[in-house]
Structure formats: structure tokens, C-alpha cells
Amino acid sequence: MNQPLLEIKGVSFSYGPIQALDDLHLHVDHGEIVALLGANGAGKTTLLKNIAGLLQSDSGQVLYRNRNIERMEAEKIVQNKLILVPEHRQVFGTMSVLDNLSLGAYHHYKKTGKKEVAREIDKVFALFPILEERKEQLAGTLSGGQQQMLAIARAIMAKPDLLLLDEPSLGLAPLIVKEVLNYVKQLRDELGVTILLIEQNVSAALKIADRGYVMSHGSIVKEGRADDLLHNPEVKEVFLGHTVG
Amino acid sequence: MKRKGIQQMSWKGIAAFTVLILILPFLLSTSLMITKATFAGIYTIVAVGLGLLMGFAGQISLGQAAFYGVGAYSTAILTATFGLSPWLSLLIAIAAPALIAYILGHTMARLHGYYLAMATLAFGIVIHVLLVEWKGFTKGASGFYGIPKIEFFGFTFTQGISYYYLVWAFALLVIVLSLNIIHSRIGRALRSIHDSEVASSSMGVDTGRYKMQVFIISAMFAGIAGWLFAHMSYSISPGSFGLDGSILFLTMVVLGGSTSVWGAVFGALLITAISSFVQALGSKISFITSDFEHVLYGLILMLVVIFLPQGLFPAIAAKLKPLLEYAGRKKKAGNITAVKGDQRA
Amino acid sequence: MPDLLEVKNVTRKFGGVVANKGVSFSFESGKVIGLIGPNGAGKSTLFNMVSAIFPPTEGEIWFAGKRIDRLPAFKVSPLGIARTFQNLQVFKRMTVLENVMVGLHTSTSSGILSAAFKLPKAKKEEETIYQQAWEEIEFVGLEDVAAVEAGSLPLGKLRLLELARALATKPQLLLLDEIAAGLNHQETAEMSDLIFKVRDRGVSIFVVEHDMDLVMRVSDRIIVLDQGEKIAEGTPNEVQNDPRVIEAYLGNDEEKEEATV
Amino acid sequence: ACSDTEAQGDADVYKIGAIYSKTGAGSPLGEPEWNATKLLEKKINEEGGIDGKKVEIVLADDESTPEKAMEEMNRMIHDENVVAVLGSTTSGASLAMKGIAMDNEVPLVSAGAAVSIISPVEEAKWVFKTPHSDAHAVERIYMHLQNEGMNKIAILADSNAFGESGVEQLEALAGDYGMEIVIKESYNTDDPDMKTQLTKIDSSDAEAMIVWGTNPGPAIIAKNSKELGLDIPYIGSHGIANQSFIDLAGEAAEGVTIPTGKLLFPTQIPEDDEQYDVISSFYDDYMSEYDSAPTNFGSYGYDNLMLIVDALESGATDRESIREYLENDVQGYVGATGIFTFSADDHNGLEADSMVLAEVSAGEWTLKE
Amino acid sequence: MADSVQFLISGLTIGSIYAIVALGFVTIYSVTKVINLAQGEFVMLGGMIMFSLLKLGIPYLIAFLTTIAIVIMIGWLLERTIVRKAKGADALSLIILTIGAAIFIRGIASMVWGKGSVKVDSFASNEPVYVMGATITPQSIWVMVFMLAIVAGLFLLIEKTMLGKAFRACSVNPVAARLMAVSPKKMSSFSFALSAGLGALAGLVIAPIIFPAYDMGVMLGIKGFSATILGGLGSAPGAVLGGLLLGVIESLGAGFISSGMKDAIAFGFVLMLLLIRPYGLLGEKNVGKGGL
């Protein structure tokens, strides 16, 4: 287990003239929770999209289980249990909550079988009871926060080994934020899911994370243990504000 | 005053285009090409209206040829059967399609997307059937004939250069009016509807009303085109105003690019050019039979959509834009990120 | 002086789902009012009704002495209500400046014919629109991106753009739906400063937000919804200590501290 | 137009324009016309041309649209400086070309069916046409019905120009022959099933059904009639005077009767028929060149061109004199379609007896009357 | 009375034809949000290829299956080579693209088979059956049977299976679909192939009723599209309802009002219905918005 589960080596990416990732390096070890911090537009989402195969980088390598997945299709990457919960929820708006969840199991439902999928669904319902109440509702008509829960629940259905979360607490009520982040931690603690997390809610994120990276202009400018970052004055200044600590 | 940050109307563009139109007959040596260019002008008028409707009001019409037909038939019947002067009947050739659009527009306001496409398609077919069946007025499927020519202080416009200029004078008028509209508060309101109808109405934009107005305007333009077509020909027949026609106009707008008035203009010219080109090819190369021309035409349509998905005009505009300006923009975008970063790091 | 906004016994159903149930409240002008509650409590639904995106199933909404709950959306803006959207609704293919200019739509009136023929009135109005749009752009600080197509802007700027566009309609009441979602701490702080600046222009503000720092800081008064019903109303301090609010929304004491200290 | 006229004389070839519907909806008709024209051009030139001058035919396809026809018409007149124009296949395109022919004073010989192409005569000074008008076909049918002692008829026509013009003539001439139209129905060219119309006809007291259209509609009607057990006689139009109707309708075609030109079955024409030579030699040439039957439409293509050639051979070599020649000097001209006698008020010049009646028997068109 | 029954039967026959074509539209739409205006051309290919194979003396059943296989290949190829390449195009451009494809296929067909109509034999007996004084041909019954079988199959596929969910997921949000390991590209190819197969099947069952020709796809395409919309985009039962309704109205309109006006009556009805139900008979409100 010396090799990291995910390693990014010198990835660069640009949208036309805009350089969004610039020779970026980072790694995530097995069983870790890593927080990725950075200002709006720093390139965090772009990085996750590159990892998940939605974008193809201009140069560099994305090593997942020691295998370069940089040129792999997103569909294939999912089958390797690397799952992204994308920014802005991206639920299937005109499909029911239940259908959304079933689709999460798409890549393994043939292997696992119907019953197991149903059991998985019950598990996520236990986690987000509101979803069970609304299981026939069209996902697009859920409230913002409910949609976010659905997006996370759907990813869990895919039985991830490595879960990439892009601002999972966006639009969630404070109580739920805590619950979600606690659940993220639980996922790691109990199921051993490795997690790479983007959060604007930095203090909460760093509290559950083991390590963190700070990103700016498409590259990593700071890296460290979560505790250290939480108390780093620069980080505090920009991300945490004066009220914390 | 030169304003930053908004789309502005380019008088230079219009002037250049006008000059092109004026000298074109001297470049096109043949009567065939002049006739084609005249038709291109007529189609331009319809396409510009349809472009406003599609690109700015976000509506789609698969029945635009019906308005064109209503314009053509109303002037034909009024002048040939009732002896009205073509200039007077022009008003009716504009008003009749407008009135129909007004009635139809009210009822279609609730439709979106493909449903709207279907409704306009259905409307187009109904009009076509009426043109065929209402023989008392239209003389039925084989066509209405005996349409008089347009006269202007003793000068008669017949097919050829004079008609070419007449048509393009109207086309230029229609282009300028359309450019004025889209560069006004109404144009902005329309473009905003396209991106987010709900935000647009929360800004106080009466989306239904503007969609309706544009629908009416596009019908009026089609009516003008119909008037020009009727008096160019001695006869007209329902076949010119059926689904094929509507699809032709749609194709022009899509290929030219619907998000700009010039797109529709270029689309009309592009289609004319493509079909002439394919035909010319056919007369040169013997294995390109007239059947093969259709194969080729279909192929070109597909290729254009594949390689110029936003339409021809945006592609041209991008090429024409001085490289300098491009570089400037690039630096600027970079700056934005830099500024952002500086604030934080 | 009548209340600026008065919501009377409003209920909204979507099929079987009751998104708002008998909600009533009112407030006078010149205030910042917060609206909080768990996810799905019906906050956005309430906003949508106040901005006339859709009507309530039952109940009435009055604004500045006028009943507005049956008006179409575009008629509410001229009365003085403007809003931003939780799921951004910018005009992506227009420049930032043009976006804001759409906000000035109702303060001008020239019709399609005078536009087509470029009558002097249209020209003059165009000039005013342009000037005023710039003022709002400067107000929120988007000068450097004024000429950029809105679709290519990062989230933070888009939130500012929505604000500027709403302000351009010269509202008396501004509805902000999670305007700080996705902003980092510093940006959120800047946003609350901006909210104060807006209030100082005499605009009343109605804020939905999950960022308690922001809500508690800017609000004069807070209304709390849970499962479609109003469960509390009061000053930030009162609300924060209301056990029902804590139970339904904020979480227990210990956690609350973390969120707000 | 004046300068053009001068230009024509100088040419060392006679240039004739021909616009037919090689593609599009009219192509089944236009193709034989097109082929016949090409065939003749080759033949005339191989045989030494006209007074030593070659004939050059500028062929163009109007794709069955009036707009294309107008473009090509302008090209023929101004760019190619032809002495006369032939075509087009459909009535719509022919009418559109008529306007231009009149403006520019160029002779036009159309292959369209509609009478409006050549009437009113004042508006058609420069325009002629060779196909049997629908009126001829109708007269021929009514004569037949009179013989059979029937006078209650049902009409089922295509809603296109061809069908419509047929209906017009059927209605116009009914009185003259004491016919009563008891029911009148139509269908669209592409319709897959006509049982509804046939059911209505079946319920009427019609004694015969006249079907006016081109393939495949009439074949579907034949088939549907058989399925419905409709037992009144089926009388078709010259629009289905081809083998393909029989191939499609199969057994259901048996007994169908139509008026037609004689080119349909040259071998069945009695040798003493005036047209015998013209028809059989053209038929044979066409068959050997294209390996398919020319149908009646081939004869329109043939006559259109040969009438102009006739004019050129007799020394009428410019536009004006060709027109004069056609109007005044074509008297009893034996063509493939019939025997033409043009005059100032008849620019079609055919009589009903240039058509014969044919009936399907044993899977073939056979001469009936 | 017998007349009305005959009108109705005629209408149902025509309507079933429209319905099968409409189901092809639904198949592609429900995956890609594309309205494939070349759908009618698949139908035409079904009829024409069958004709050629039979002419070569190939036994009926084998020719039948081969035709379907060939047209499926063509549909799949169309997606792979053309539709997929037009990635950046919006729905409207895709309409033009499929119109281009239709013209292209039609052009090739006219070169291969010529312009004339051809004849294809019925599946089995040709002896009409009499019902309440009206005639119904065995082939009409076949058309209805196939139509029902197809709609049942499609309905089950789309509504009840995981594959069907994946289908819909692609149309709702292709990016999110990819993140669920659903490949929109594969689904798109699959839907084109399936829809081509359905088109071919339609062509095969109706070939003995009409006389197929290179241009028969135009009319069938329009009517099929109308049926799709009438029923509500994306709904298979809707497509069937729409198709039958259109056929019956045409037939009754021709029977009781005027055969010349029957298209005006049918499309007038479509227009009226859309005013009352802007999203078709069985369409969901929010489905239409995604379209253009």
C-alpha cells in the first residue's frame, strides 16, 4: 500500500485561451480524506473533471491504481469505481428519485443483481429519509438541497472506491451539511472509501479531512495536514474569515 | 460614440454589402446567375425574418413558406382578378400574413420546441391544401397565372437586372430594419428570452408580446418576399409554398447561423451557391447525373452542419476578426484569473 | 405607512406536495429580512410566488398596497420587485453589460417600430440605458469584465452580475435566493457588505441563505420555515435561540456554536 | 430581345433549349421526354443536320419546380441565345416559363397538360404545346361510355395539377355527352390506402369510375377496388399508359380501360395508320438506345423537338419566323402524339381521335377502340 | 353503417402505419433528443431492399430478416459516421443534418432503384376478410399486430428495464449519464440501430399495401413525426395513440367531409389539439422544453 490510490502528475489543461490547470501535482492515498481548497475559478472543478474523464488534459498523467487513466473514457473510469459527484448536482431532472438511484448502480447491476441493488437503495434511504418519502417525485422538482442529497446518494449507489465530491454541501442547510460531511467520514471509516473533497465550507471540510491542498491559478500552492492548514494564518485569512479560531 | 461591451450595428458592414449588391450584376455575366441572385434576394427576405424568429425569439417555424404563399397569392389575386395596383396590393400582401400570424401567434404562445415546430408545420400544410382546394380564387394546383408586372412611373420591372435591384432594395431595407431591432432594447429583450425566459420575465420583459411581435414581423417579411416573387413570375403555384419551401428557409437560417441577421443573409446566399455549384459540377462531370446532384446536396448539408455547427456567418466572423483583437482578448481573460488569484493568495 | 410586503395565509401545493402551508408575515420597507429553513422547507417556492413566477394555490400576496399574486411575472418587476436566482439564470450569450441593460428594460418604452426605424426617442433611451447600466456595473465592481460574455464567467462574478441586473430594475424590494452559495468566506463577507450598501440605497432586501454568518449579520429580522410552515420569526438573536429552530434547522447547541462563532 | 435575335442568325448551329423535369416529382414523365430529345439530337446530327447546320440542344433539368424552370428559361433566352425553348414537363413550370417567353418573344413548346398553358390565346402568342390536352382524353372516354350506354360516373382524382385538370375537363364536358357526375373524390399522390373513397363510390349509384392520376395511386386504387369487391368498370387516364401500372396492380389491372396515345403499343397500330411509320421508327430507336419503352411522354419530347426542326428545315430560323411557321404552316403534321394542325386560336392542334382506347388484358395493354 | 366501419378500418390501417413510423422517432428521441427526419427513409429502405432481395429469388423469411439486418447496419452507420460527428450542433442543426441525411439516402435510392414504384408480395394470403360488412385485408391485420408488438416491446424496454433508464438518462443529462457508466455514444448508436430496425419493419409490413418507391419516406416521415407530436414526444403509447388518431381522422374526414380536404382536416386537428394540450396527448410537460 505504498503507492497512492490516485496520483496527478503535472496535469495542464486549458479552455481555449484560459489556462485552468497548470502543471498540477497531487496524490491521494488509500483510505484518506483529502480536501482541495481554492478560490472560485482556481480550477478545482476542472481538475475533478479531468480525473473523471469528462475532460482530457493537454499534458500530464492521472494515475489511478498505478494505471494512467488520462485517456480513458469517463464511462470506463466509473467501472473502476472512481466516482464523481459533479458540481451543480446534475440529477436526471425528468426521472424519478428511484430511477436516479438505480442508475447509480448501472455499472454493476448485472453483477450484483436486483436484490442487492434494492438493498443498496434501502441503505441510502436510511441515510436520507426525505428521499424515500419522495421516491416517485421527479428529481427536477426537488428542492435544491434535496437534489444535492440525491446526487450524493446516487454516487454511493455506484459503490465507489475513490469518491470525488465537488462542493457537496452547496445549498445544504447547516444541519444537513454536518450530517453529510459526517457521513463522508463514515464512508471512509466503515467502508474504506477514499475521498477527494472540494469544499467552500473549509472549516468543516478540514475537520474531517486528513490532508489538504490549496489551489490557485491551476496549481497547488500549499499542501499539508488538515490540522496545520486549519491553523495556517494565510488559509484562515482567505477561507475561514476572522470568526473562526 | 463607440460603446464598449455591447453588440453594435456596423454601418461599415451594411455599406460594404450594399456595394457588393450594386456591383454584383457586373460580375455575374449571365442571365442565369442574375435570376439566381434575384431569387437569393427574395429568399434572403424570408430568411432574415425567420432568423429573427429563431435566433432571437427562440421560436421555430416549419411553416414560413405558407406566409410567403399568402403574400404571393393575395397580391396575385388582387392584381390579376381584381385589377388592383401592385403597389396597393403590397400593403395587403404584408397585412394578410401579419393578420394570420397575429391570430396564430395568440394560440401558439403556449407551445415550445418541437411542438411549436409541429404546429407551424401543420399550419403550413393546411395553407397549402387551401391553396390547392380553394380553386375559385387560387385556380388550384396547376397554378394561378396572368399576374401583372410592377410598374414605377412608367418603368416596368421585368426579370433581369431591374428586378434584381428591386428585390435587393427590399432585402437591404429588411436587413437594416432587422439590425435596428436587434440592436435595440427589444433586441436585447429577445436575446435574453433565448437564454432564460424566467429571468427575462422577472426583469419585466413581456416575453409573450415580443415573441408575438417578432412572429408577426417574420410573417410580414415573408409577405413582402411573396409579393416580389408573384410579380416576378407570370404564374405561381402551390408547390412553391409547401413544406419543401419551409425547409429550404429553415436550412438557410441554420446554415448561415441564426444568432445574427447576417447569418440568414449568408445562409440564403450559401444555399444558392451550393445548389449552383452542384449543378455546375453536374454539367462538367458526366457521372454526376441530376440524381447524383441530390446525393451531393444532402452530403453538403450534412458536412456544413458537422463542420460549422454554429453556422457559416459566425465562422466567417471569427476568421475576419483581426488576430490582434483575439490576442488582446486572450490576455484580458488571463488577467481576470490573475486578479482573482491576487485577491486571495 | 402600509407594509411593503404582506404575505397572507399563503399555501402552495405541487400535486401531493405541500411546499408552503398557510404562511403569513409582513414587513415594512428599509429592512433586511432573512428567510431560513431546512432544505425543502419552501423558501424558493415562496420567493417564486412573491416574484410571480407562479401563483399561490391559496392566500394573497400584497406589495406596496397592491395585490400581486395573480399578476404575470413581467408585470411585477415594474412595481418594484427584483430577484436573483438560486440556480443562476444569467443570459449566457450576452455580455455582462448587456445583461444589466436588460434589467433596465422596463424603465424605457420605445416599441418595435421605433426601434426598427431608429426614431430619436429610441436613440435617446438607448443612451440612458447604457449610462445607467454602467453605474450598476460599477456598483458591484464588474467593470473589468463588462465586455465579457457572461457564460464564461466564474461563479462569484455571476452572483454579482445577477445582483447588478436586479438592481438595474430599480427595485424597492430585492429578493436574494442563496446569493452566497458556493462563495468562499471572503467573498461571502464582501457580499454582505454589498448587501448593506444596497440597503443604504433604500432598497428593502429579502434574503434566503444557508450561510448563517451572512444571514445573522445582515438581517434585521428572520423568518423561519419548516416543512412549508412558518415556525418562528424574530431578531437574529431570538431565532438563534429558538429551540424549534435549533431542532429543525441549526442543530444542537454545540454544533450551533461551531457554525456561528 | 432585339440584339439577341441578331445573334441567332450568325450561329453556325441551330441552338434549341429544352427544359424537362429530369428529377423531382415530375421525373417519371420528364425522363422519357429528356431521353427522346437527346436521342433525336444525335440522330439529326448524324444524318447531317439541317441544311448542313448542326442542331445543338441545350438540355436543362428544372427539378420539377417553377423557380428552377424560370432560371433555366432566362439562361436559354439570354445566355444561350436559343431560337426556341421546349418544355417543361409539368404545367406549373410551363406556366412560369410562359411568362418569360412572352416577355422576351421566344417560341415555347410545352409538354405540359394544362390547357391554361395555351389559353387564353391572346396571352399565349408565343406558346404551343403538343401533349393531348385532358379535354381530348375526356372526350375519348365519354364517347366510349356513350357507346356502352352508361351515363352515371364517379370520379377519383389525384389532388395534384394533373388530377385537377382532369376533373375540370370531366366536369366541363359532362353536359355535352349527357354524363352525370354522381360522386367526385380525390386522394393525395402519396396516400397508402384509398378504401375510404372507394367505399363512398361503391355506395353511390355510379355505373363507371374514372380515375385520374399517375402511378402509383391508380394502382393502389385498382388493388383496393378488388379487395373491396367494387364491380363497376375502372376507367383510367393517359397518366397510367405504361407497363409499370400493370406490373404494380397485377391482376387487379385486368379490364382497366384508358385513353392513350398510340406510342403505347406501336405493334398493335394498324399499318395503314398515318402515324404508323413515325411511331414505330421512333419506338424502335428509343428501345434500342435506352432499353425501356418511351411511353406517351416520349412522344411529347419527340414532337416538341421535331416541330421546331420542321420549322428550321423550311427556312424559319429566327424566333419570330419560327413562331409564325408553327402557327400558320403546321397543317396536318404527322407527329408521334397525333396529327397537328395549329392555328391562331389553337396552339395545341390535336383532335380527340388522336387518342385510342386501351384495355389491360392478360397483363398487357391492348388496343380496344 | 358498413361505410363507417370501412372508414374506421381504413383509418386504423393507415394509422397503424403512421404509428410504427412514429415509434421509430420515439426510440431515437428518447435517447438523444434528436428528431430524426430520415426516419421515413429507413422505412423506404425496408421496402426497397426487400423488393430487391425477393427479386434475387431469396426466400421470403430470409429476405425479411436480411432486410432488417441491412437497415439496422445503415442506421448504425448513419449515427457513427454523421450524427456523432456533429457534436457541437444544437437540436435545430441536427434537424437540418437529418434532413440532409434523408436527401442523401433518397438520392442514392433513386440511383439504385430508379424513380418508379415497385411491388412486394404480401406475407401470406391475400384473401380479404369481411367484418360487419367491411373489408379488411390480412396484411392490414399484420400491420396492426406488428404495431402492437413493437409498442409493447418498446414500452417494456424504456419503462421497465435498466437499459431503458439508461436511455432516458442520456437524453436528460448526457454528462451525468457518463458518470453513471452509461455511454451516451453507445446508447445513441444503439437507438439509431434500433430505430432503423423498426423503420425497416414498418417498411416490410406496409410494402405489400402501398407500392414502395424511393420517395415514399417523405410522406411517412411527416405523418410519423405528426403522430409522435400528437401523442406527446418521447412516449411510445402516445405515438401509437397519435398515429391511430391521425389515421382515423384522415379517413373519417375523407369519408364524411371531403377527400380533398382530408390533410387540412387532419392537420387542423393536430393544431387544435396542441392548443388544448401543448405537450401532446401523453407527453410530460417538461419533456418538450429540452428540445430546442
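As written, the chain order gives the labels A, B, C, D and E, with residue 1 at the start of each chain.
The criterion applied here is as follows: a contact is a pair of C-beta atoms (placed from the backbone, for glycine too) under 8 Å apart; a residue touches a chain by one contact, two chains touch by 3 or more.
Every value quoted in this text rests on a predicted model; they were computed, and no experiment measured them.
Novice: Among the other chains, which touch chain D and chain E together?
Specialist: B
Novice: Looking at C-alpha means, what's the farthest chain from chain A?
Specialist: When every chain centre is compared against chain A, the largest gap points to D.
Novice: Higher C-beta contact count, B-E or B-D?
Specialist: Pair with more contacting C-beta pairs, B-E versus B-D: B-E.
Novice: Just give me the whole-number Å value for how far the CA centre of chain C lies from that of chain D.
Specialist: Chain centroid spacing, chain C to chain D, equals 74 Å.
Novice: If you average the CA atoms of chain B and of chain C, how many Å lie between those two points?
Specialist: Spacing between the chain centres: roughly 40 Å.
Novice: How big is the gap, in whole Å, between where the Cα atoms of chain A centre and where those of chain E centre?
Specialist: The computed centroid separation for chain A versus chain E comes out at 43 Å.
Novice: Could you put a whole-Å number on the gap between the CA centroids of chain C and chain E?
Specialist: 48
Novice: Scan chain E for residues touching two or more other chains and write them down.
Specialist: 110, 260, 263, 290
Novice: Indicate the residues of chain C shared as contacts by at least two other chains.
Specialist: 152, 154, 156, 184, 186
Novice: Quick one: which residues in chain D touch 2 or more of the other chains?
Specialist: In chain D, the residues touching two or more other chains are 23, 159.
Novice: Inside the complex, what are the residues of chain E that reach chain B?
Specialist: The touching residues are 35, 82, 85-97, 99-108, 110-111, 222, 225-226, 229-230, 233, 258, 260-261, 263-264, 267-268, 270-271, 274-275, 278-280, 283, 288-292.
Novice: Would you pull the chain D residues touching chain E in the complex into a rising list?
Specialist: Checking each residue of chain D against chain E gives 23, 27-28, 31, 159, 185-188, 190, 192-193, 195-197, 199-200, 203, 215-216, 219-220, 227-229, 244, 247-248, 250.
Novice: Which chain C residues qualify as touching chain B in the complex?
Specialist: Against chain B, chain C makes touches at 51, 53, 72-78, 82-83, 85, 89-99, 101-106, 108, 110-112, 115-118, 122, 125-126, 129-130, 144-148, 152, 154, 156, 165, 169, 184, 186.
Novice: For the complex, give me every residue of chain B touching chain C.
Specialist: Of all residues in chain B, those touching chain C are 3-7, 177-178, 180-181, 184-189, 191-192, 194-196, 198-207, 210, 213, 217, 259, 332-333, 335-336, 339-340, 343-344.
Novice: Please name which positions on chain B make contact with chain D in the complex.
Specialist: 30-32, 34-36, 39, 132-133, 135, 139-143, 145-147, 158-160, 232-237, 239-240, 290-291, 293-294
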